[in-house]
Amino acid sequence: MDKTVSSTADAVKDIGDGATIMIGGFGGSGAPIELIHALIDKGPTGLTVINNNAGNGRIGIAAMIDAGMVRKMICSFPRSSDPRAFTDRYLAGEIDLELVPQGTLAERIRAGGAGIPAFYTPTAYGTELAEGKPIAEFDGRHYVQERWLKADFAIVKAHLGDRHGNLTYNKAGRNFNPLMCMAAAITIAQVSRIVAPGEIDPEHVITPGIFVNRVTEVAQPQQEEELIRAGVSYA
Amino acid sequence: MSTGDIDDIKLSNAQIAWRAAQDIEDGAYVNLGIGFPEMVARYQPPGRRAIFHTENGILDFGEPPASGEEDWDLINAGKRAVTLNPGAAFFHHADSFAMVRGGHLDVAILGAYQVAQTGDLANWRVGSKGVPAVGGAMDLVHGAKQVFVITEHVTKDGKPKLVEACTFPLTGVACITRVYTSHAVIDISDGRFVVREKLAAVSMEDLQAMTGAPLHVAAPVVDLVVPEL
Amino acid sequence: MSTGDIDDIKLSNAQIAWRAAQDIEDGAYVNLGIGFPEMVARYQPPGRRAIFHTENGILDFGEPPASGEEDWDLINAGKRAVTLNPGAAFFHHADSFAMVRGGHLDVAILGAYQVAQTGDLANWRVGSKGVPAVGGAMDLVHGAKQVFVITEHVTKDGKPKLVEACTFPLTGVACITRVYTSHAVIDISDGRFVVREKLAAVSMEDLQAMTGAPLHVAAPVVDLVVPEL
Amino acid sequence: MDKTVSSTADAVKDIGDGATIMIGGFGGSGAPIELIHALIDKGPTGLTVINNNAGNGRIGIAAMIDAGMVRKMICSFPRSSDPRAFTDRYLAGEIDLELVPQGTLAERIRAGGAGIPAFYTPTAYGTELAEGKPIAEFDGRHYVQERWLKADFAIVKAHLGDRHGNLTYNKAGRNFNPLMCMAAAITIAQVSRIVAPGEIDPEHVITPGIFVNRVTEVAQPQQEEELIRAGVSYA
């Protein structure tokens, strides 16, 4: 078994128009910039993108939006340091938004990966984000029923990866990445280094390979925050 | 295989396990139920290596250790000591069953008391007496992309195990996709038993007589051929 | 604090943060909302050390690093670079919000547009224009054992922020247990605002005039005393 | 902050009659034998015990049952290698059993820890273990509604622990232990070695200290399987 792929371009080559894609990262932390840019090079359109944010500056997810690839964002916070790309299109009515509380977003993705079609959470009860959702009472308290989230593809950034797809992450770059690995039909990971099976201690594996389909090495990954500060635009 | 009386014409458990093993692809993620199904791991074809999952939190465990070398924190769901292959991973029980319920396993292979033509399985309890125990069976029948049963075709006293509707308590509804028996390989499709392979020495009539529900044929039935084991 | 006109008699943001910090026990697990609430971390009393949680998957993060030393994979929920204290841990977002929703945090401290006497909070959106963004606010108001608000007592144009019922979109219902304002410390108990502390220079009548719902007293109101900061 | 406790006896001293207790381990793997035996020494009665199994031989949970401490077991498989203690009492009608499929048991405990009062699972649909539970259909498939499980105490076995309560585990001894840490009001961990905060790499912490209340060192923990093979009885 060898899940390694030789380039980011190869790794994303079958992501087509209309796909639903989970993209890991929280802001720039753990964001798979090289895979996103490879996807922009390929250029599918009509995408639904699931990420905590909605892109910053003129790179990464923001550059996907600038390129007109994104039909809908599912996220918790589409208003970060420089959200022009999303804001402009949203206010122009050119992109849809499903706003989800951050913890509910995480749990819905986990539920998608764990085969749990629906669950109840106290989050958002009594707010406009619960409108239209079933409400139930348990032990005298009200909860909102939330549905799982799944995707056709997940693209994530990890630290080490082996050819079986076992992954570790770098610090808080972990965030949504391990959850998204579970919830997509095809999971594609960029890693800083590909190692031999067994080099990652079985105790230290964060994402077991069963959740990962493709691993590609990006030895010196770019960091979104630094690109934004440098005013880089990917177009 | 022996060629005596019709009652003796059947595969051994090892041969049933061997046949099931031939349908597991290289690199497949597989959970083998405790007991008889564990035997499938012995018969992987040369050049293929499945990755075995155990409910208690290991992916890619290997052979049992030598006697006296056991680490009793390193066991499988049957609580037998195992070893690790390179690339193994540990995880907790919720993540382990996320793999199961979330449909991430390619194959689960289970034993059966009864399998119904609807794909219903009964394999956890024979009646209402004694201490009931279910373990992970009810989880495993949901979620794996394919759920196989390996079983004798009939019970020790000759009663059909493949039936119209299970009479024993159910493990799961409409969950089994294929049954490897001592006499045949049978798919479950659209609520019907469809014979894919059978022992050459057993006629369709013989096979039907041993089966508690109608058998169907969708394509030429292939001879079920297995090596001596 | 200044002693001029009544409008000038109020705590600074730093002083509000200081006052809230005094109620955090040593070893408490605390989440501070982005922005103003983050200021609370600066004013932990000597001898106490809270463990700070950030939604994006760190427990026990520490001070920001020196400029130029940032690791942009090591950030907090406000996307600012942080450092780690000994005993820190990383985890994914589902585990992080299990900590929140599961009631494992001792204290969450948030800002507010409005707080109602029922404990309802509005702090994520002022109207229906622009791009809505909620982040973790709706999660944080549920689950922490105590959910505090720190806020100016009134808006910049003098309108009450403590109200009978919120007019802005809600973040959560009946979730706030205590409010630290520029003028008072007020508990929310049984659907009522109960004044615990107030600035000595502000009368109960003055405080009531600045508040959009009836104020109650359950025990002697203590002077709200904070250092110059 | 110092969550270390000097003895197993001290660690369990406030577990009283009628408590609900989650006990980690899968069979003997990851089973906190010394904490269980300390609890037997204290001797509370009327307990509800949550564990995958229901004790083996004459030690651990089986010895708790022999001692008449357990009113009810919540488990998936009360029939292991030598389940006499449970079997005898169960058949005599002296102990209650709530039988839960293993994955549902794990998920219910996780839900208890994660503040999810109920969720839907395909497991057990159409079986006697779903009788009386709400059923719902999502995307054309039937699911059973299951409720969270919480406990007054969890007693778990870990490998390393620091005084903040951060834990690692030993191999498959992880199993239910990290989930139970999340789902109990008071979590008590026995560890093979107490280390200083920071000695466990933040990337390798499996149970963050927020889920743990007490840590006690048992330097050479006993292994249930070996005790059973040696015919040991704890009485």
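When the chains are written out, they are named A, B, C and D in that same order, and each has its own residue count from 1.
Please note the rule applied: contacts are C-beta pairs under 8 Å (C-beta built on N, C-alpha and C of every residue); 3 or more make two chains touch, one makes a residue touch a chain.
To keep track of the chains, here are their UniProt names: A, D = 3-oxoacid CoA-transferase subunit A; B, C = CoA transferase subunit B.
Since this is a predicted model, take the numbers as computed values, not measurements.
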- line: Comparing A-C with C-D, the one with more C-beta contacts is A-C
Message: Can you compute the centre-to-centre distance for chain A and chain C, using the mean CA position of each chain? Integer Å is fine.
response: 30
Query: Which whole number of Å gives the spacing of the CA centres of chain C and chain D?
result: 36
- line: Between the Cα centroids of chain A and chain D the separation in whole angstrom comes to 34
Query: Any idea how many Å lie between the Cα centroids of chain B and chain C?
result: 57
- prompt: For chain C, which residues are shared contacts with two or more other chains?
  reply: 58, 90-91, 94, 97, 100-101, 142-143
Contacts with 2+ other chains: residues of chain A: 107, 110, 114-116, 121-122, 169, 171, 202-203
- prompt: Hey, which chains are touching each other here?
  reply: A-B, A-C, A-D, B-D, C-D
Message: Going by the contact rule set out above, which residues of chain D touch chain C in the complex?
response: 1, 110, 112-116, 162-164, 166, 182, 196-198, 202-203, 205, 208-211
Task: Can you check the complex and tell me which residues of chain D touch chain B?
output: 26-30, 52, 76-81, 83, 86-87, 90-91, 97, 99-107, 109-110, 121-129, 169-179, 206, 223-226
Query: Inside the complex, what are the residues of chain A that reach chain D?
result: 107, 111, 114-122, 136, 138-139, 141, 143, 147, 168-169, 171, 202-204
- request: Could you please specify the touching residues of chain B with respect to chain D in the complex?
  value: 54-58, 70-75, 79, 90-94, 96-97, 100-101, 120, 130-139, 142-143, 169-173
- request: Can you check the complex and tell me which residues of chain B touch chain A?
  value: 26-27, 29, 49, 51, 53, 58-60, 84-91, 94-95, 97-105, 142-143
